[in-house]
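In the part that follows, the structures are each spelled out as structure tokens.
Both complexes below contain chain A, partnered by chain B and then by chain C.
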Partner chain A sequence: MTQTSAVRLRGITKSFGSNLVVEPLDLEIGRNEFFSILGPSGCGKTTLMRMITGFETPTAGSVELDGKTVDRVPTRQRDLNMLFQSYALFPHLSVYENVAFELRVRKTAKAELDRRVREALALVRLEDFPQRKPSELSGGQRQRVALARAVVGRPAVVLLDEPLGALDQKLRKEMQFELKRMQREVGITFIYVTHDQEEALTMSDRIAVMSKGRVLQVAGPTEIYDAPNSRFVASFIGSCNLIDAVMSSADTVEVAGLGPVPATVTGGFATGTQVVVAVRPERMTLTDRPTEGSFAGVISERVFLGDEWTYHVKTGGTELTVRVPSGETSAALATLPEGGQVWVSWPTAAGRVLPADDTTSPSLIGSPA
Partner chain B sequence: MDRVVAWFCRLVFVFLYVPIVAVVVYSFNASEVSYRFTGLTTHWYSDLFHDDRLLATLRTSIVVGVLAALVATAIGFLTAFSLARFQVKGRAFFLGAILIPLIVPEIVIGVSLLEVFSSIGMQTGILTLVLGHIVITLPLATLVQMGAMAALDPSLSEAATDLGATGWITFRRVLFPLLRPSVLAAFLLSFTTSFSNIVISTFTSGVGSTTLPLRIYSSLRTGLTPELNALGTLLVLFTLVVIFLVGVRQMRRILA
Partner chain C sequence: MSASTATAPARGLRAPARGTLLGYLLLLPAVAVIVLLVIVPMAVIARQSFALSDPLLGGTMGGFTWDNYAKLFDPVYAKTMGYSLGLAALNAAVCLVVGYLLAFYISTRPANRQPVLLMLVIIPFLTDFLVRTFAWITLLGSGGPYVRIARALGFDASSLVPSQFAVIMSLLYAFLPVAVFPIYASMRAIDPSLREAASDLGAGWWQTHRRIFIPLSATGIGSSIMLTFVPTLGVFVIPVLLGGGKDPLVGNLIVTLFTEFRNEPMGAAMSMVVLVLMLASVAVITGLLRLLSIRSNRRAA
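This part shows the complex of A and B:
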């Protein structure tokens, strides 16, 4: 590889006492990449991030920034900044002084400092009140100040710890696009830690999905969504039907009560292995009469969500969730009551065969896309 | 019902402030007998400023109060800072040990201090007074500052470190400015505690180091003079000025 990556983790691991928080993992994050670490709370994502910043010392393994090992470099000398979940703005300093903090510490010349602070404030669109105190700002504005403060020194990497968590729904959506825009504008590697799959899918170039201290999959948003490699990834990102099945031959899967189901087999599972077939609810088709390869079922519940209907259908011994966009519901289907007879089908490409148990999934090494 | 509550509140305020108002009023009373008001005079104030013995005790109290408060605030700051920021082993023990003087009756502390001082052959005087007052003000100074430090977001110092600040710069530019109000509060609380103390002073003062409260207390036997009312009025005035100055600073900070 000719170009060094912005961040490279080698066999990095962390345990607190006997509690293994981050299992040994390798990870590479490219320059100018928007990289998300996605996982539920307690999965080790924050610890992983704090090892990159240097706030936590890894139990083993090493961290490289821009091709250089920084294991012995203290946080303040690492070429990265962090955006804290609580923003951690200095309450006694004005917006301007908060943003100027790093430049003052590094003894930047006055004219240069002023220019760069104004530039950073312009980037986050907060030029209007540099003299206000953080307590006089709204949550969204505080976050912008924190972001300006993090990028003013032009670090190679900015780490963001659930930065949108404290904002309301509408502001979150706006900020997602803003963050992405700013990241492109300043050309800095963003490492974005979140438990919100939507945030990760919207903004990221690549996503690492973590669970219980392990990185399960590293891939782009579409691949993560369309081709999850494990049960956890399939169910954590979006909603997914996970149907218990058995390999009846090298390339066919059978579900008890339904028989063979359409699915793409990629793992090389031995015949007789317990697996799950993952099918996204929106990839399934619901009809009021049998079609080729469809499975008969009964509507056990249906819920109107505005832009779509969610049907729960009982087929064989399995309960399936099917999503139908409101506009596409046929008149015949719409009149069917709960308990009505329906048929469910999905294309072979929509069904993915995954190991029944996540602990058997292969360990992963991410490399820049 | 609301009116009853309102009247009750007024009554409480009357109860709190009548003694203070009485001191101020009687300090201008021409009569030497306090319950008879015979006319206005500033006579007692000039008496006060010529009473060298009384002024000497005032000076002793101020010196002892300032010294004790400075030491207690400093030690309290360091204690609170380390207990709040570091994983100190035996933390509960330290905390308990510092706070115990708050619970132990002052009279017991006074007796023990005197015993210790005399057993090591230490003459009672300003130094022993200061030491005694540190014992009782240290828990207060520590408690006040611990509250402020616990309320400080730990990610603030991480943020400063992350932005390139050394430990010292983080302390000077971020932590100390945020803790300054609590340091001031700890100092004032320690000073007033020391300034008004009688019990500990009784045991730790020596010849020539009588504090103001001791002097006033002992003059009970010979009878309180209106001069003391004048002194009391001046102290109330001084307190009001301090409160006003602190208040103005706080208001400025809020408005800034």
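This part shows the complex of A and C:
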């Protein structure tokens, strides 16, 4: 990947005045990769993307595209295109002319231009009404036009800034698969900026999780989900039980009120260190009688979500969330009222020991974008 | 403007019948002002333009003749007319270019700084027209800053008053605000991300303006041309003070016809011709704009 990385950031930093928006970071994005930058609003992901496009000048560090430093290359000469959150379609131009814009600016021959515009429109399945104005299109169609416009010039990289944000739930799901299909078809590196963890997990080859200007973890979707490296990543992606604990020896963790709990210790934590044990709710098992290594608790609340039941169980001093697929709820469990006695357990592999304190503590609310 | 005229009848329809009379009563002052100060004087001028002039005392003698209009075809008058149209077109063009650039600059500044910049454009507009014109005499005349600075830099400069350059500068200064505002208003409505999108898609400065900003601010550009071209046709102080009065404009001619020649019917005829020219230019500009938008729609199709 070192030779062929499409985008490479070295020590890139951005601050606005005294406000450090993106802390120095190195990042490499491979060719034809679907790479997501995931984080809450205000985490610096949009600024990071705008530094790659050239709309923002980094305070320090450099951007390389296809092995060449582009710090002094203006946006219009960078071999990348952006899909704007607002789509930024030209309102006075038809669908056809919007898509043709880049080719017209670059003075592409007429026949070639027409062929490529039609190709791009076919890719996004919008061949039917090239004459319409953007105002005559639905949100989903506008977004397809914007995408066709971004890929028609065959850039090496396309950056997408929360492109599905304005669409309704059903269309979003459809577009997620569409985007992935198109990315595979055109063979272009996609850098996808989003705050929606589900979008990132569904489409990405790799995900960079950002919080407060720092990239906390870069990994594939399954690794991000199964092996988060920090409290923030564990809680931001999916839901997660974060149980406060203390290292009682080099490889055992103890929770106040529960005693030692099953967990895999990876980082070298000194005995006595405050840690958290992260366990996904669906990895926990709920039974109506004690099993080996289970913790007794009381159902404080249960919610039916169609495909699953969510139980809130009070054990020791800790409230745990447990998910049970609807089909797997035993009859005995289903009849238990709130306040009923249950037992919770999880395999050792499901518990991950993480530092109690991210140097960047999660903040999902606040800081403006 | 079109929005307010469009909503007025709608509101009238919704209002209950007993409100209609009150509505007309409220309209009365505005109607009175327009009738007394616009329509009546215009009718008087129109009537006078066909009257016979009193060769001894000046003034009009009544009667009806086309002579006043026929005499305007005299080369002397035709030349003045041509010069006025040319100067108006030149001023409209200069104001358009400077106004467009200024409007673009202001509209792309941070939102909190835009009002300040707009104020700077308006302030000269709040000063009296004559004062502003005299200011240019001081600036460009002998002993003024232009001559002194140029001489200090070693150039052999002399007073620029009277000159065509001084006329154009002064006209630009006088009409710039009305050129800036309509364009600024259309530009403010343009989504700022379009500019980034254009540069992202490879468009440079000129391409971005030619393909995006000029078409999207076409209405503002049209108004700006009209608001500078039409009033320039009626200007008469600036050419006298800064141009030396050697090349009279239609405005000067009308003043001369009324005051020196005491030929009111001919002055009135000239005024009517200017009025028709103004209306014609408004029609031509609107027509061009409509044609342009139809063409761009067709090309898109």
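The criterion applied here is as follows: the second predicted complex is superposed on the first by the 357 of 369 C-alpha atoms of A that agree within 3 Å, B and C clash if a C-alpha of one lies under 4 Å from a C-alpha of the other, contacts with A are read in each partner's own complex, and residues count from 1 in each chain.
As a working rule, a contact is a pair of C-beta atoms (placed from the backbone, for glycine too) under 8 Å apart; a residue touches a chain by one contact, two chains touch by 3 or more.
What you see is a predicted model, and the numbers here were worked out from it, not measured in a lab.
Using the superposition on chain A, decide if chain B and chain C clash or fit.
Taken together on chain A, chain C would clash with chain B, as the superposition shows.
Check whether A:Thr335 is in contact with chain B, with chain C, with both or with neither, and answer first, second, both or neither.
Neither partner.
Looking at A:Tyr96, would you say it contacts chain B, chain C, both, or neither? Reply first, second, both or neither.
second
Figure out whether A:Ser326 sits in contact with chain B (first) or chain C (second), or with both, or with neither.
neither
State whether A:Ser86 touches chain B only (first), chain C only (second), both chains, or neither.
In the superposition, A:Ser86 contacts both chain B and chain C.
Applying the touch criterion given at the start, work out whether A:Thr75 contacts chain B, chain C, both or neither, answering first, second, both or neither.
Both chain B and chain C are touched by A:Thr75.
Once the two complexes are overlaid on A, one stretch of chain C runs into chain B. Is it 39-47, 75-83 or 147-155?
With the two structures superposed, the offending stretch of chain C is 39-47.
Which chain A residues are contacted by chain C in one complex and by chain B in the other?
In the superposed arrangement, which is not itself an observed complex, chain A uses residues 53, 55, 74-77, 80-82, 84, 86, 88, 90-92, 101-102, 105-106, 133, 149, 153 for both chain B and chain C.
Enumerate the contact residues on chain A facing chain B in the complex.
Listed in rising order, the residues of chain A that touch chain B are 53, 55, 74-77, 80-82, 84-86, 88, 90-92, 101-102, 105-106, 133, 149, 153.
For chain C, which residues are in contact with chain A within the complex?
Contact set of chain C toward chain A: 191, 193-194, 196-204, 207, 211-212, 215-216, 296, 299-301.
Please name which positions on chain A make contact with chain C in the complex.
The contact residues of chain A facing chain C are 53, 55, 74-77, 80-82, 84, 86, 88, 90-94, 96-97, 101-102, 104-106, 131, 133, 149, 153.
Name, in rising order, each residue of chain B that touches chain A in their complex.
153, 155-156, 158-166, 169, 173-174, 177-178, 256
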